[in-house]
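As structure tokens, here come the structures.
You will see chain A twice below: alongside chain B first, and alongside chain C after that.
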Partner chain A sequence: MRSFSILRVVAKLLIPYILLFAFYVQFHGDFGPGGGFQAGVIFAAGIVLYGLIFGLRAAQKVISVTLLEVMIPTGVLIYGGTGVICLLAGGNFLDYRVLDHHWGHGLVPHGQHLGIFLVELGVGITVSGVMIAIFYLFAARRQTS
Partner chain B sequence: MTESTQFIVIPLLGLLAATALTVARMRDLWAAVMLSGIYSFLGACWMMVLDAPDVAFTEAAVGAGISTVLMLATLSHTSRTAKSRPRISWPALIVVIVTGSVLAYGTLDMPHYGDPDAPIHRFPSPTYIEKTEHDVHDMPNVVTVVLASYRGYDTLGETTVIFTAAVAVTLLMRIRRPEVTAS
Partner chain C sequence: MIDAHLPVLQIVIPLLTSPLCILVRANRRVMALVIATCWLVFAMSCRLLYLVSQQGAITYQLGGWPAPWGIEYRVDGLSALILLIVSGMGAIVITYAPTSVDREIPVEQQTLFYTLYLLSLTGLLGIVITGDLFNLFVFLEISSLSTYALISLGKHRRALVAAFQYLVMGTIGATFILIGIGLTYQITGGLNMADLASLLTQYTGDHATNRTVLVAFAFLSVGISLKMAVFPLHQWLPNAYTFAPSVVTAFLAATATKVSVYVLLRVTYTIFKPHFAFELMPLDVELMGLALIGILWSSTAAIFQQNLKRLLAFSSIAQIGYIVLGLSLASVGGVTASVLHIFNHALIKGGLFMATGCLALRLPSLDLKHLHGIGRRMPWTATAWAIGGLGLIGVPLTSGFVSKWYLIVSLLGTGTETNEWRLDHLAAVLVIGASLLAAIYVWRFVDVAFFREPTAEVEAATEAPLRMLLPTYFVIGLTLVFGVWPTLPTQLAAQAASAVIGSTH
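Then we have the complex of A and B:
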């Protein structure tokens, strides 16, 4: 689809805002609608759009397969790791109350908020990685067969 | 539901039904995939009318966006039109009509939309709304608190399911390097 100049221009205009909106949904999910899953999917949709218009090779220059293979388990590890940290800090698994701290007041979230922030970050990383990875696999298959 | 939203809801549901019927009758699979994307998009609008923006985000991005792309990619491996029109199978038709009537009959017992006395509004959500203020001080979004904190274990499971799906799809679909065939 590289030859359709309207598609190319519109996609170039839209993609930064799609990605920005994904980050907004991710980091504002504590206050407004959204969260890790929605943010991950919207981010992936931006990359998928880029891949559709400019080709798989160009998309893989932005987010390589190696990066995806790191992203997918990292998200789950962040989620599970948050639970383990809660355990080590003396609470129950995924009981974020024990994450209370007293530094960076107002800047760094604490307690329950910090736990939810980390957990949602993990979900976002995994979901966006998985969605992009599945798209890459389907698109790569199409070129060879 | 107020009077004004009726003007949005009825055409929206009508369009949803029309799209679904068209997809069911369609032989051209490419057009059917595009129409199912439109169906998801209308579904997202419907979620928005029901004040569920986060579900609408998901429906628009997954249903209308990514799954449409994946379905199109799948179509490129197979054929673009469905095989010959299937004959009507009477037992199947009877099963579908009976199941549909039972489901429609079941909805008669459901509370009206937005009814404050509906079970879903009486239990357990008021408890969450009351307790969130005490348990989580600076998080106004009760939905996120329920998903990530009260039901954190479930969400961990869901994330693991997505992870597992990626592993499975990667194992199934990854292209084997041609030079590996040294046997």
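Then we have the complex of A and C:
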């Protein structure tokens, strides 16, 4: 669909804002509506749009399959790792209260806030990875048949 | 400190090791990692069982949020025993796996296989350990989704169809369970099992007229029965077991349906209480009827199967019937028999499928007509199969005898002093009759393996490697040990039964 100039131009205009909005939903998720899952899906939507307009190969140059295979498990590890850190810090699994600290006052989140921030980050990474992977699989299928 | 966190470590360690496996990628290293993790998990569940038998039920609050608001993990006598069975079989089967995996699964998919195996184990353990009904559903999905993928790894193209069939049926089952959980939540506002039990008492008393509760109970019991493969909801099972890789079949047959039985026990005994489930609702008669038909029908069907794995799959449906039969009695004896049979059948069927996997390693086909004379070329494997088969029939000195004995005693024990003819007594007779059917289908293999002349294909076969035979004999040996010395499993089963029945009064 690269030959349709309207599509190409509109996509190029939209994609940065879609990605930016994904980050907004991700990092503002602890104050407003949103969170890791939604952000991951929105981020993936940006890549999917890019893939639809410029082709699968171009999309895979931006986010390669190898990167996806790292992203998907890494997100889970960030989520679970946060829980394990809570365990090591003396609390129960995922007990963010033990993540309290006093440096970077007001700038760096701490306690429950830091915990949910990290967990949502993990969710976001895995969800966007999985969504893009599903798109790649279906798109590749169509090319081969 | 470790003891206090054991319930969560039991889940977190395998759950976090599986994404690590994907990052590691190298097949050999992933294999070693997964085997080590499985044994670690098994060690932890042994420790948990010990702790529970010392100090009673253990609870763990995730995130430090107290129940019923937070998710609670709860280990009592029943869940500790099922954890032990699942993690034990998981560890032994994966130790046995590598040689078989090398032959049956393409090199590039082996990492995925080990990862999925660990995820499936995590899901099954999670179902057993959680005290929260919705969390149970989440773990159910983790184990189911990974199981579908595991089955689809089978060599035969029909493995894909079998996996898809199971996916459709399993999803319907899971949806039913979710609807049931949703309706229960709607009426009570609770998801914690212990909390639900007390919230539901006002709806499950003698004048139970709340339709939402009735419908929720119906959805839950049908959904779980589908997952358990109770006759006539077993259609997915034979194909899934037949076409999955040998290792996967051995693992699933020993654990997956057993865990669903655990869920049914929890829902009927802990949450809705036997008074509601079995006296106000006719679940006991239904389950008993279906179990009996299932036992007879599947045992008969097993006799006519041409494929060895399919034969064992049908036998599994019949064995689920025995387990359900014990459960439907709503007595301590019945539940003890049921739990004991979960334990013994996990060993017997696990061992049988492991022996079958040894055969699959050396032979191109598992059709009985291609197995002629295999007892002469692979005597150790065929002997292991035959001993496992004896356990399946319930011959004395094997553990299969012990659990059938308990089952028949509790079936006969439910009658009152009056000599009235009860369904239970008929059931006891049918259980014995079905053992004869089991003798026929086990004999079919023995006949083919030991009393026929080897064909050319079989002539070329050599004995399975020690790496697979040792775990197989370990499991088969255990069925003999627990047949001669049934004290340990019986005590554990009785402890489990009193944990689940005791909580109802």
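Everything that follows uses one rule, which is that the second predicted complex is superposed on the first by the 145 of 145 C-alpha atoms of A that agree within 3 Å, B and C clash if a C-alpha of one lies under 4 Å from a C-alpha of the other, contacts with A are read in each partner's own complex, and residues count from 1 in each chain.
Keep this in mind: contacts are C-beta pairs under 8 Å (C-beta built on N, C-alpha and C of every residue); 3 or more make two chains touch, one makes a residue touch a chain.
Nothing here was measured: the structure is a model prediction, and the numbers come from that model.
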Output check: A:45 vs chain B and chain C. Expected answer is one of first, second, both, neither. What do you get? first
Scan A:81 for contacts with chain B and chain C and give back first, second, both or neither. second
Which of the two partners, first being chain B and second being chain C, lies in contact with A:73: first, second, both, or neither? both
After superposing on the shared chain, does chain C or chain B touch more chain A residues? B
Quick one: classify A:37 as touching chain B (first), chain C (second), both or neither. first
Is A:96 touching anything from chain B or chain C once the two structures are fitted on A? First, second, both or neither. both
Looking at chain A, which of its residues have contacts with both chain B and chain C? 72-73, 76, 80, 83, 93-94, 96
For chain B, which residues are in contact with chain A within the complex? 53-54, 57-58, 61-62, 65-66, 69-70, 73-74, 76-77, 135-141, 143-145, 147-149, 152-153, 155-156, 158-160, 162-163, 165-166, 169-170, 173-175
Per the touch rule above, chain A residues touching chain C in the complex are 69-70, 72-74, 76-77, 80-81, 83-84, 86-87, 91-97
Seen from chain A, its contact residues with chain B in the complex are 25, 29-35, 37-38, 41-42, 44-45, 48-49, 52, 72-73, 75-76, 79-80, 83, 93-94, 96, 109, 111-113, 115-116, 119-120, 122-123, 126-127, 129-131, 133-135, 137-142, 144-145
Which bits of chain C are touching chain A when the two form their complex? 5, 8, 12, 15-16, 18-20, 22-23, 60-64
